[in-house]
Each structure stands twice: as C-alpha cells, then as structure tokens.
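Take a look at the structures below.
One chain, chain A, appears in both complexes that follow, with chain B as partner in the first and chain C in the second.
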Partner chain A sequence: MDKYIRNIYKGVYTVLVGMRVTIRQFFEPNVTHQYPYQHDFEKKQNVREIPKGYRGQLYNRIEDCIGCKKCELICPVDCITITGDKLPKGEQLWDSMNVVHLKDGREVIGIIEGDDKKIMSEDSMTITNITTRLGSQEVIDRLEASGDESRTETFSTEEVSRVVTRNPVVFYLDQFDIDMSLCMYCGLCTEVCPTQCLVMKDSLEGIEYSSFDRTDLIFNFDKQEMYDKDEAENTEAAD
Partner chain B sequence: METTQQTESKIIELKPFTDEMVVNMGPQHPSTHGVLRLELRLDGEVVREAIPHIGYLHRCFEKHSENLSYPQIIPFTDRMDYVAAMNQNWGFCLAVEKLMAADESKDFAIPERAEYLRVLICELNRIASHLLSFGTYGMDIGAFTPFLYAFRDRERLLLLFEKICGARLTYNYIRIGGVSEIIPMEPGSIDEQNYLDEIESFLDYFEPKIDEYNDLLTSNSIFSERTMGVAVMSAEMALSYGATGPNIRGSGVDWDLRRDEPYSIYDRFDFDVPVAKDIPELGAVVGDCWSRYKVRMDEMKESVRIVRQILAEGLPDGPVMADLKAVRPPKGEIYFRSEAPRGELGFYIVSDGTPKPVRLKGRSPCFSALSALQELSRGLMVADIIAIIGSIDIVMGEVDR
Partner chain C sequence: MPEIFSEGFFPKINLQEGTNWATDFVRDVIIPRLPEAVAGHFPMELGTVLVMLAFAGIFVAVVPLLPLVLVLAERKVAARFQNRTGPMRVGPWGTLQTLADGIKLIFKEDYIPPQGDKLLFLLAPYIIFACSFAVFAAIPFGDGIPIPSDFNIGIFYIMAISSVIVMGVIMAGWSSNSKWSLLGSLRSAAQIVSYEIPLGLSILTVVMLVESLGMRDIVNSQSGGIFTWLIFRTPFTFIAFFIFFISSIAEVNRTPFDLPEAESEIVAGFHTEYSGMRFALFFIAEYANMFAVSAIGVTLFLGGWQGVLPGYDFLGGFPGFVIKTLGLVFMMMWLRWTLPRLRVDQLMNLCWKYFIPISFFNILGTGIWGLIFEKDDVWSIGISCAIIYVGLIGAYTVAGRNLVRKPEPQPS
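Then we have the complex of A and B:
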C-alpha cells in the first residue's frame, strides 16, 4: 500500500516537472507557421532567407556553355543529356568577348580594355562595345538613353564578382536537357563546370517548381534561336 | 470412441499453448521508423517470436557503386543513414583516403582546416541525429511534446548545415581529400566568424535544453516505467550480435572508436564516453531500453563539449581540399570503420586500380542492432516491441542500403 501511494506521488510529481517545461513554452512565440497560408515572399512575412549557394533547381546559362560534357560525365544519376556537333571549319557563332558579372546580379557583355586575365587585380575596368546580344536590357537602355556612341562604361573592381571570357564558339549544341525529376541535388555538376555556367538556383524559383506532369520537369536549355537566326534569314531570302 | 480420444490427446501434445496469432506490424507503421515489417507470433499479448522482414528500402547501393567513380558514390552514402548523412560521407571518404594512402608514390595529406571542419560538422550532425532519436522515441512511447521540441532545435542545426553545404538532409559535403568548396568560406573572413558565432549561439541555447529534456522525458514516471528493465541486452549478447555505438555502451561496454581507435583529429579533444550504469534508486538496469536512451542524451553533451573546444581553438588557415588530381586508388583492399551516431560504420572496398571500385561493402550499425530484436523481444508484450525499436534507434535506409 505504501509503495502504491509512493508510486502515485512519483508519477504526479514527474509529470508536473515536465509540465513546468511546457508551460514556459506556452508564453513564447510560435516557432511554426502555416505554409503556404501565412507565407508571403514579396512582403517577407514568415519567410526565412534562402542561404547563398542553396542547392535548388539546375539552371544552365547556355551562352557561357562550352559543351565540354563534364557535367554529363560526373552526374551519378545521368539526368543531363547533351548532344552537339562542331561547326564547319572557319565558321563561328560569335567572336571572343567578356562577360562581367556584377555583384548585384546584373551582367554586362562587351570587350574589356587591357588584359582580361589580370583585370581583377586592378582598381577599375573599362568595357567597350557593350553589345545588345544577350546582354542585360537595363544596361543597354541606360546606355542608349545617354546617347553614348562608343558604348563604353567603367566599373570599379569592387562591384564586379567575376569576369568570364567567352571564346569564339565553334560548336553547336543540339540538346541540353536536364531531367529534374531524376536529379538528386548533389551539386557535383556545378563543381566541375569550367565556365561556371551550370548553377543551382538559390532563390524561390529554384525551390517551388513542382508540377503535375513529370514531363514538365525536363528542362531544355538549348537556345535554338541563337543558331537559327541566319538560317531563318536565308530561308526568307530564298522565298 | 477410442480413436477420438487418441486424436484429442494428440492435439493436446502438438499444441501445448493457446492458439498462436500472427500479426503483421508494418511496413507502414508510424513507430517502425521507416519501412520495417515485423511478423509477430503472439500468444495472447505475449510475443513468442518477432521476426523482422527487411528489404523494403533496398536500393542496391553496393552493386550500384561498382558502376560509379569514387566521388559519385558520396551522394549515395547520404541516402544510407539520412539522419546523419555527414557521418556517412565521412566514413566513406576516410576509407577511400586510407586506400589511397597505401600508394606511396602519391603523397597527399588532408588539410588541417578540412579536418577541423569535418569534426565540427559531424559532431553537430551527431547532435541532430540524437535529437531525432530522442524525439521519435518519446512519440513512440506516447509523449508528443518532446518530438516537437526536438524538431524545433534540429531545425536550427539544419539551417547551419544549409549555410555551409547548401542542403538540409543529403549534404554531400565531405569529399575525398577534404570538404566541399561549393560555398566558399575564406579563412579569417567575416563569413567564417559569423558562422562560428552562430554555432556558438546555438550551443549556448542548446546546452540548457538538454537538462530541460531530461526533466521532460527522461525522468518522467510514465516513460521510465515503460523503458526501465525492459529488454535487457547483456554485454555478452551485445558483443555477439555486433551491436555498436550507443547500443553497446548502453549495455555497459566502454567502447568508442573516437577514443579507442582515434581517427582524424579526435585524439586532440577531451571528451568522455558515456557508459550506462545500474541506477537502483530509479530502477534502471544496465542494458535496458532506458540505458540505451540515456547514453544518447549524455552523448549530446559530449558532442557539445567537442564543438566548444573547436570554437575555442578557431579554425586553422589553409585550403580545405588536398591537392588531388584524380581519385584513383591503387590495387588493394581496405576496411575502415568510424563512429557514426548509430555505431560502427565500416566500408570494405576492393580496388583494381581503376577509378571505380570492384566491390564495396557497407557495414551498417543498424543492421546488427536490428538482428538482436528477435532475441530481445521474446516473452515481452506487444507494447514493449515499440519501446525496443525506438531504443535501438534504427534507420531503415541504412539497414537495407
């Protein structure tokens, strides 16, 4: 009988000790919120920051891609398919140029004055012949409004995150498909990419891209219009 | 008349017990920690035999690895024990590094900074793994609150992992020869200082929480009544089944690979190995479910101690990757074991000098622990099965591989 009462006392006491912990939590703010109902990305309500370098959806900036197929080779699940061919000898899609990635996310395409390999150690860089082709529309609009004929702009090196040199493109990518339904988000392909054009989106679009159809998850990054421009003109002329 | 009597007596001889009832528990059962199916042969409510049927999560990891190069295998080790994926990465990388070190012509050493980062991250991952184990164990037994508290704290750890490697669960952070540089962290930069400060603030927040959890669950009378003295695994039994990690320490065997066979830089840190003891005033016996659980709770404190020592020293300067041109180990074979949160994780690799292994075998601690379930559960109640599964802390991804 004595043991029985002591058992009840022990049970009630230890529960009360636990309750002291839970009652403290009662006066603290909620740690959970209802996704997606209490969630607003634009107003930044109940949203936690997606850290830089988060491994989200794969994206290939095809203008920088050199078709080396290193990503296809390293992928453990074979979710990347690349086919392509070399152009006939003597032809090229475009001349050599520089792409300057600014820290605020913009990119400027043109030709850097001086040695582009050593430009990051200098204070500032001057970019000439800023081209409309595949460039940031915002920069081009601003340049056209200023009426500057030479299309030249100078940036300080602190603004610039990296400089990529695009060699003359002498190949043709037929197909650059990534099947995101197979991807295991290991990030090996982004590491081996020599031009750093294959990236994983660390933004909201890189996370919320679910779909009802599996075929919608196969993303094509080849830009046929990049190559077909001249062909289309030729066919028009022939007509 | 005579024949009937004979058959009746025969029946009595053949079936001396009441009718055996076969109950299938799982594979879709919330407290089997994954897809484990148990075939329970019951005599009333008493378990006569509990036969685990595994293989529902089998993904051919070992066979698949034979067709992949060594760096490509690392993401698959993430999927073995997905609760403590950093430790799985590390175990595999250590094995490959040891195999490569056998080739004396190639001289490489793991940079100091990488070693410190590895220990730092893996000890944090050990805390995260034990938190999940503690939370789900409470939920199995019937306490829902600890589960929510454990996930609240684990979330903070996952945010830390997310910042350093870009993923929350399948990290692929530790590489052969160092750690991943996918998110660069310059030595001595503000980023690094912020990151270490964040870990520090987590530890300051988390250390008192462990005592809080002990108040909440460990000392709770309902919890301890269901776990103390239940399914006692003796030291001999634990050794013969090959149970490792917190399970064998819960049986009173003082064995921790981090201390007894120090790999990496564990010999530089000062930490204790918690071993279960008899506690007569509470009613705990060495080797029961409660002891195994308590070892995990104490281990979290030791992990906090190790991380604090790293934070006090600071991360050394230097690169985070060794200078490796290609991962091409020499001809030979290797077995390397490391201490994962669930026990001794071993990798056996046979190499023929090509970039792909000829054979790869993973020795999973959960598989060995699960094999003891059949003997542990004999003669207990059905409700005790739940207590055993939670206390041996299995992850089915690692059992089936």
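Then we have the complex of A and C:
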C-alpha cells in the first residue's frame, strides 16, 4: 500500500515537473529564421557567417579576362561556354593601363604617372587618363558628379591596396556564359584562371540566386559595349 | 391498411406543454411572421422537424471548421513548445495553412486497397465521423443556445455514442488488410474499452451529486460561482476530474496515449491505408472529438457556461464556455509535448491498477458525502475546498520531503 501511494505521488510529481519544463519553453523567444524573407544573418546568434573561401556563384570580371579558355577546358561538367576571336594583327582594343585597387573597395583604371616600379615608395600617386568605360560604377558616378574634366586623380599610398597592370587586349570575347544549373562548385576553373578574374562569390548574393526558371541560371558575362569601339570614341570625343 | 399508417402509431409531439425548444421556436417566432391565411394551417410537427434539421445543419456546417482552427492551434502551440514559429507561409502568420491542407486532401487520390474489405473500408470513416458529430448534439453551449437534442439522459447518450467510435476504428483496421492498421485498431479497441470504465465511473460521481443525467441539469446545478463547480463540490470529484481528463485523452488517442497511431511503431495505426478525403474525415473526427471531450469536461466539472462569480458574466455564457474548453484543449496539447508515449503494459497498468480502484473509491466517497451533507449545502462546499487545499499543500510539503528522494548512491 505504501508503495502504491508512493507510485501515484511520483507519477503526478514527475508529470508536473515535466510540464513546468515545457511551459517555460513555451514563453521562450523562438529561434526560427524566416530564411528567404529575412537575410539578417548577422543579427541572429544561431546563424554563423559565411566563411571565407566559400564556393558560391561563379563570377567573371570580364575586363580582366584574357579569353584563354582554360576554365572551359577544365570544367568537368562543361558549364562554361566561351566563344571569341582574335583581332586582326596590329589592332588592339586599348593600350596598356593600370588598375589601382583602393582599400575601400573601389578601383580606378588609368595610367599612373611616372615610373610604375616606384609607386609604392612614394607618398602619393597620380593617375591620369582615367577611363570610365571600364571602371567600377562607383568611380564613374563620382567622376561625373565632380565634373572633373582632367580625368586625373591623386591618391596617397595608404589608400591603395594593390596595383595591377592590364595588358593591351588583342581579342574579342563574343560569348562568356556560365550555366550555374550545371555547375558542381568544384572550383577548378578559378584555380586555373591566370588573371584571377574568375572567382566564386563568398557573399550572400553568391549563395542565394535560385530561380523558378532554369534559363535564369545561365549567366552572361560578356560585355558587348566594352568592345564597341565607335561608341567609346564618340564618348571620348564628347568629353 | 397497414398498422404503420394508423392513428397513434408514432408518438405525437405534445404541443400544448411546449417542452421542446423547436416547437417553441415555431410557435413564437415563425407563426407570428406568416400571413394570416397560412398561419392557422401551419403544420406544427413538420415545422418542428424542419427547425431541428436547420439547427442540425448549422452544426454540420460549423463543426468541421473546428478542426481547421484546432489543427492550426495545435501546430502553433507545438511550435511554441519547441521554440519554433510553426506554419508561417500560407496567409498571414500561416493562418490559412489548414485550409490549404484540406484542399490538398480533397484533390488527392482516394485509394482503396484491393485486397481489403471494400464495404467496411468505405463505411468506417463515416461511422467515426458521424459518432464524433453526434456527441455535439447533447452539449450545452450556452444559456440562450438550445441544445440540439435536450435529453434527460444527455451524458449517458454521449457515453454511448462515443463508444461506437471503437467500431469504426476496428472496421478501418480490419478492412485495410494491413498489419499496421490491424495492430493499431486492436490497440485502440483495448485502450478505449479499458479507459471507458474510469471515464464512466468519474462521470458517475457527478451524476450522483446532481441526481440527474441531463446536461442542462448538470450545468444548472453549478450556478453559484466557482466553488459550486462540481470539481470543488467534494474532494472526490476533484480527483474524479483528473481521472476523467486523463481518461478522455486516452479516449481520443492523443499523446501520451497515442498507441493506436504511434508513428514510430505502426506508421499511422488504423488509418494507415486511408488517403484523400477519407483520411480528412478521420482527421476532422479526431479534432472534433478532442473539442467535444473537453466540452464535456467543462460541462461536468468546470461549470459549463456558468461564470466564476454568481451573477457576473466573467468566464460565463457561450464565450466563457468556449474559453474554458479551449483551455482544456491547451492542457491536452501541453501534455502531448511533455510526456513520451506509454508502453502497452504501462497503459493497462495505469488504467486497471490505478484509475479504476481510485474511481470506485471516489464513488464510495461521493456516496458517503451525499449522505452526510444536504444537497447544495454551503458547509459542504467550504469543507470540501478546505480538504482539497489542505491535501494539495500537504502533498506539496510533507509528502514531497518524504516520498520523492534522490536515489542514494549505490556502493560500488
């Protein structure tokens, strides 16, 4: 009889203990992340940031691409399609120029005054003949807003992160398509790229680019206007 | 002329006394609105039947909406217990999720297992559905709301009609020709038949105190505020309420008594082979049953539509009834997300070794209580509340210290 009552008491007691535990959880804030509608990864403690070197969407910076087709060759699933042609001998799209990467993420394309090799030792560098045609949109906007006709800017060496020399382009890229619905994210194409212009995005937009139509996953990186020489000359003449 | 057409074969409704609410409705509301030429010849019997049918139609239309709300509530409550949000996509905060699920179920293929018993397979969901709906016919929802069929044996009728559900369950399990279905239905039969005994014995304590089986009489006897609710009337009904509540959870096959549809053991139990609208019927019946059982608990023990204070509307009337019922439904969900599923032997152990003896003890105690005190004696209520209070406090302090000990470390 003693055991019987003890059993009843234990049963009721343990159920009540359990119910206390669950009702506490009932009033806890929820941890659900309404993922496609909310992108605030950093605000949620339970979601980690995207790690460096994450292999996301492929992106090709066509201005640096030399059309070597190494990526097309090495791709195991043949998701890259490149067609292009060499220009007639003696012709080139533009002259050799420098790309100055600034530490705040902007880049300026132009020709550095003076000797290229000494630039990092000096306090500041002056870039002339800044071209808006190939530069990033931010620089273009800034130059147009300032109304600077001389197309010359001076940056201190502390602002500059690195300087890349861009060789004269002697080819014409007709098509540079990457079908991301086929891509297996092996990253081989980025490894063989000699100019490091083909990269995999490790930012949020490199992860979320799903679509309802498969054809939306074919990304075209060719910029026809880049090769459109007549139009470029016209804009230069207008300037 | 056959006997069936003769005068007096069918019992006639007594129009003069007007004991039937539908007859009252026809006499007081419909006939004064009719043109005078028709009013004199209006058939009262036909009108009564039509009014009853119309009222039943309201129930048939409204009660399937209950699961729509309850399923969503269940999913939201379950999500809260697990720090989730539950369905969020369909409609604002996922409020249309169950509607979308229902539409999906309507359009699904209605598959009938070719090896099974086709007639029983088709019949089973309707039996369960009809029985769980028939329970609503005798539940008093509010003061001004007529009970569709106001028996003087209301609670007896509810017990009887809800027992028929077992038949539907066994039919579904047998006719599916599936081992999971058969196992589930056999478990369900064993469980429901067992737990009907403590359920009925707990109801019996209430019936002994009220001295009536009618649902309206039971509610009317609890009109004096919270302490005249039958749960506090005697210490024995206090225990009986919890036995009733736990048994009714077992009765509607919910966790922790969900052996008949244990997902991890027998897929989905007796409705494994069902799909489409027939599965939806099982689902609706399950949630309607859950609400019905809670409503019966509120009616019997928690005052029905009577308020907390006599003369005030707080927790009274139809809204109060629904709030109290949903409170019990929430308790069911709370228990579901607290306790794991019982084993079969534990299930039977709990019923036969604990609930049934305690229920008999309750009946004995209630009978003695009824002999000692007059009906509706204020002293009896005071003494009862004092005993319940002292008992709870005593259990919390004295027994808590003596009975629940941490296991002593075993010598190695």
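Note that in this section the second predicted complex is superposed on the first by the 139 of 239 C-alpha atoms of A that agree within 3 Å, B and C clash if a C-alpha of one lies under 4 Å from a C-alpha of the other, contacts with A are read in each partner's own complex, and residues count from 1 in each chain.
Everything that follows uses one rule, which is that contacts are C-beta pairs under 8 Å (C-beta built on N, C-alpha and C of every residue); 3 or more make two chains touch, one makes a residue touch a chain.
Being a predicted model, the structure only gives us computed values, none of them experimental.
*Asks:* Using the superposition on chain A described above, determine whether A:28 touches chain B (first), chain C (second), both, or neither.
*Replies:* So A:28 only meets chain C here.
*Asks:* If you count the residues of chain A that each partner touches, which comes out higher, chain B or chain C?
*Replies:* B
*Asks:* Under the stated touch criterion, which partner chain does A:15 make contact with: chain B (first), chain C (second), both, or neither?
*Replies:* In the superposed model, A:15 contacts both chain B and chain C.
*Asks:* Scan A:6 for contacts with chain B and chain C and give back first, second, both or neither.
*Replies:* So A:6 only meets chain C here.
*Asks:* Does the superposition put A:191 against chain B (first), chain C (second), both, or neither?
*Replies:* The first partner, chain B, only.
*Asks:* Which chain A residues contact chain B in one complex and chain C in the other?
*Replies:* After superposing on chain A, chain A residues 7, 10, 13, 15, 18, 21-22, 25, 31 contact both chain B and chain C.
*Asks:* Which positions of chain A touch chain B when the two form their complex?
*Replies:* On the chain A side, the touching residues are 7, 10-11, 13-15, 17-18, 20-22, 25, 31, 48, 51-55, 74, 76, 184-188, 190-191, 200, 202.
*Asks:* Which chain C residues qualify as touching chain A in the complex?
*Replies:* 77, 79-85, 88, 334-335, 337-339, 354, 395, 399-400, 403-404
*Asks:* Give every residue of chain B touching chain A within the complex, in rising order.
*Replies:* Residues in contact with chain A: 68, 71-76, 78, 145, 149, 152, 155, 159, 162-163, 166-167, 170, 172, 180-183, 212, 215-217, 219-222, 224.
*Asks:* Could you pull out which chain A residues touch chain C in their complex?
*Replies:* Residue list for chain A touching chain C: 6-10, 13, 15, 18-19, 21-23, 25-26, 28-32, 34.
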